[in-house]
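Two complexes come next, and they have one chain in common, chain A, joined by chain B in the first and chain C in the second.
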Partner chain A sequence: MKREIPILLTVICGLLVVAAFFAPAPDAARGLQPSVWQAINSELLVWGQILVAVAFLLGIANVVRINLRQIAARHEDRPYKIVLLVSMFAFLIVGLAEMHERDLPNWIVRVLVPADHVFMKDGSVVAGWVQGATQTGITMRDGDGRDLPEIPHEQVELVSEPSAKMWVYFKIFAPLQATMFSLLAFYVASATFRAFRARSLESTLLLMAGAVVMLGQVPIGNALTGGSAAPVEAFLMDNFVKAAERAIAIGGSLGVLATGLRIVLGLERSYLSE
Partner chain B sequence: MIDVQAAPPFPEALSSAAGWSQWMDAVSWRLAPYMAPDKIATAVAIVVFAWIMFASQRKAKRGVEIPIRRLAGLDALDEAIGRATEMGRPVLYVPGTDEIKEIQTIYSMMILRHVARKTAEYGTPIIVPTKNAVVMAFAEEAVRQGCADAGRPDAFVADNIRYLSDEQFAYCAGIAGIMYREKPAANIYMGMFYAEALILAETGFLGGAIQVAGTSRIEQLPAFVAACDYTIMGEEYFAVTAYLTREPSLVGTIRAGDVVKIAAIALFIVGTWLATAAPAGATGPTWSSVYQRLFG
Partner chain C sequence: MAAPLAFDRRWIYLGLGLLITGLYAFGSPSALPPAAPVQEYYDAIEALPEGSIVLLSADFDPASAAELYPMFYGTLHHLFRRNIRVIGVCTWPAAPPFSREAFRSIAPQYHKEYGKDWVELGFLVGDDVAMGIIGQSLRSAYPNDALSKAPYDSFPLLRDVGDSSRGLSMLITISAGFPGILEWIPQLCTRYDVPVLAGTTAVQTPSLFPYHPRPLLGYLGSATGATQYLQLVAPGTPALAPVRDENQRRMMAQGWGHLYIVALIVLGNIIYFRSRRRAA
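Up next, the complex of A and B:
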């Protein structure tokens, strides 16, 4: 039963999703209402999101378990593991504090959530934590949780609501991601250099085709060849490359279809434990 | 409710393109409450494919030998694991960067089970970094099951199935770190890859590991071909488990794909001929437009 129930659930959910895919779209002109299959599909998607959220906790547990064990074992990479765990929990705590600012004790808000600033048209600045906006003005609290007098909208020049979470994201995380991505340029050059060495007839043809495509792609290359590179490049891309791409895509699509059918019909079970 | 009076009538004869076009209008209209008219052809194609698949599976189960051409990339999987074993270093298996709902990721889990069985047989550690917590749970099960298949459940090391990050380049940096620090002798990339493909493959190349990659994502194939020792591409990727296990039902699926491809080639030829022969400037339905509506 441990194996049959997951397979049965897979088959039922799979068939429901397939039914929703083929169900007709609502059409008021022809009197077609949203089908029950589409409603079920939407509900299943919500269930899927809940499962993913729960699984995310598993991921955090995995990170903590593996890294704590290595820290305890005095692994040579221990400093990196400590940085990882401290960063992860610091970001988590700051993010949660910002999300639940109104429900937290004032001293936690003062420590974890940066104060907001309202710049007035008369040049003064009001510091505190913005609680929201009414039709007439902005409501704020001070560091002791006391409500400040409502600030009328017409007196406000600018509202600054700094976020520690977003600061970390944009000032640290985004540049680090960009750094990783920029490595791609160098790796493209090194991989291309190896791939384009003319060691055989095939690699020589690849080298020639690559050279023509590169010349055709950039204005200077096209200018150097008197405008002849671009049409040749377009011919290569539109005929040889597209034909090969479509052949691979058709083969891949059939593989996807076959595997999908096997899973939906419960024939493919090797991804489940026994 | 649908206005039945407004339904287009069936044609009296199906001898002309206009008749066929009218017949399709009538059928589409009547099926509209039950099925999206633009998906009828897709549904028919899936049913036909499923029928061919089941027929091929039955044939394979009856013992009829269905040959599969030699795939160097798949033979290289064993070679890569053997090399890692000889060098006493781990195998790194990267299951791609997409979620478990992506069919390539699910298929990667099936391949992982086979690779884990091999590594367990050879007593070689396998490290599986994942970008998604759900994929991590699946990978744990695949490796656990692979070790059990090899009769070595003790070879399963939970700490080697690692969740790194949901962010693409943080995941990529984490894998690069594993390559530099734990120095795997064999890197296996199977699944859905995006811009990180070349970064991973080049980092692995610089580390001197033997590399086998498999994906049906066309955009990243050149990156793997340039940087890896062996690349399994397109349909070959979905033939991995059939090729490695030779299980009749899986081999039957490969044959079904081939039969459909032959049928697709025939459809292409007929469609090309009809499009070429279609009268220029025709205002009404032509055989080409009917054909396009049926299979387009």
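Up next, the complex of A and C:
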């Protein structure tokens, strides 16, 4: 039963999703209402979405478990692992505090959520935490959770709502990720010098095509080749690359179809670790 | 073979770094002629009737923002300039800050009203499963918006979409990988007959070729495509001129970077053949 029930569930869910895919999609213009298949499919998709969300939590738990274990074992990389865990939880706490600002005790809000500032047209500034906007004005609270008098829109010059979460995102996370990605350019440059060799006919064709595409992509490359790089690049892309990509896409789709059929029919059981 | 391997690769890094930063700082921007798919992307937006509803999906993160954010930024300007109504969604968890930044800075420039002219629905977890849910029913996918957490039906724009994504005139995805354009096509575009435009990284662009020109009407490939598109949109949108100039400067530096790499290929092969001849 430990094996049969998961297979049965997979077969039933797979068949229902396939049936829903071939049922006519709802279309108000043609009077097509959502069918029972679509209702079931919707429910299954939401289940799938919940599973993906739970996988995020599992991922966090796994990162914590593995890194804590290595910190405890005095692994040589433990300073980096400490930085990873501290950064992860600091960002999580700051993000959650901003999301649930209205429900948190005032002292936590004061510590974790930067105050907003409303700059008035008369030059004065009102500090507090913006709660929202009505038709007539902006509602705010002070650091003790008391509602401040509504500020009429016509008196407001500018509202500044600093966010610690966004500060971390744009000042730390985004530059770090962009740096990691841009390092690729240096690795590519080094790798082309060391490994891109005309050792055979195939590798010669590959490196020539690569060079032409690189030159054809940029104005200076095209200018240096007397305008011939761009048309050759377009020819390669429109014919060889497009044809190869289509072949890969069709081949891959047939493979997915075959694997899907095998799973739905209960023949493929690798997902059960068999 | 010994010569190139013995060469300290840090000289290559230094050369590339100096070349790119020097040209970026001191070089002058140069214009690029628009490629056919870029012109098609632009024309497809121009052809949308005023008041059409477009789903604009930010499917990228900071790693690819240098290539993709200018596309997102330019597209949003273009849509608002044409009085197209926009629904913003994200399928990458790190995308919402970029999307929010763009909407917040651009919508007021065109006096667009939240809920009527644009709505931000935010990130939906689930990758391609999430796209399937969006395709089947935007209302089921997002019971509330991302900014005010108000119910779906409280927004006139979302009420106009209705239950099925057939209420959408177009999907535009600015996509860095999985999940992205290749998942949107089967989950939403082909199933619900929604035409699609895409902006992608250089690495992903060739994988779009099989889908162009149907259902993919046009696409922006890499920073080159972004720059060409900004050149098309900027003349009618003065606020975009600095972004276009910035991208043109980047492209000039990138162009010389390409030349540097081609020169390294040639140099590496010269050393390789000379060392082989010597060994023989």
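One rule holds for everything that comes next: the second predicted complex is superposed on the first by the 259 of 274 C-alpha atoms of A that agree within 3 Å, B and C clash if a C-alpha of one lies under 4 Å from a C-alpha of the other, contacts with A are read in each partner's own complex, and residues count from 1 in each chain.
Heads up, the rule we're going with is that a residue touches a chain if its C-beta (ideal position, glycine included) is under 8 Å from a C-beta of that chain, and two chains touch if they have at least 3 such contacts.
Model, not experiment: these values are computed from the prediction.
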item	value
Fit or clash between chain C and chain B when superposed on chain A	fit
First, second, both or neither for A:Met1, with chain B first and chain C second	neither
Included angle at chain A between vectors to chain C and chain B, based on C-alpha centres and rounded to the nearest 10 degrees	90
Partner chain(s) touched by A:Leu201 [first = chain B, second = chain C, both, neither]	neither
Touching partner for A:Phe22 - first (chain B), second (chain C), both, neither	first
Touched partner set for A:Val188, first chain B, second chain C, both or neither	both
Which of chain B and chain C A:Val46 touches, first, second, both or neither	second
First (chain B), second (chain C), both or neither touched by A:Ala211	second
Which superposed partner A:Ala73 touches (first chain B, second chain C, both, neither)	neither
CA minimum distance (chain B, chain C), superposed complexes, angstrom	5
Common interface positions of chain A, toward chain B and toward chain C	21, 25, 27, 48, 52, 56, 173, 177, 180-181, 188, 190, 192, 194, 245, 249
Chain A residues touching chain B - in the complex, by the definition given at the top	21-25, 27, 30-32, 48, 51-52, 55-60, 62-63, 65-66, 69, 77, 80, 173, 176-177, 180-181, 183-184, 187-188, 190-192, 194-195, 245, 247-252, 254-263, 265, 267-268, 270-274
Residues of chain A touching chain C in the complex	21, 25-29, 34, 38, 41-42, 45-46, 48-49, 52-53, 56, 132, 166, 169-170, 173-175, 177-178, 180-182, 185-186, 188-190, 192-194, 196-198, 207, 210-211, 214-215, 217-221, 224, 237, 241-242, 245-246, 249
Interfacial residue positions of chain C with respect to chain A in the complex	4-5, 7, 9, 12-13, 16-17, 20, 30, 32, 61-66, 94, 97, 124-127, 129-130, 132-133, 136-137, 140, 148, 162-164, 166-167, 191-192, 202, 206-207, 209-210, 222, 224, 251-252, 254-262, 264-265, 267-269, 272-273
Chain A contact footprint on chain B (complex, rising order)	1-3, 32-37, 39, 42-43, 46, 49-50, 53, 99, 101, 103-104, 106-107, 109-110, 113, 132-134, 136-138, 141-142, 144-145, 148, 159, 161-164, 166-170, 172-173, 177, 181, 195, 198-199, 201-203, 205, 216, 218, 221, 223, 225-227, 233-239, 241, 249, 253, 256-257, 260-261, 264
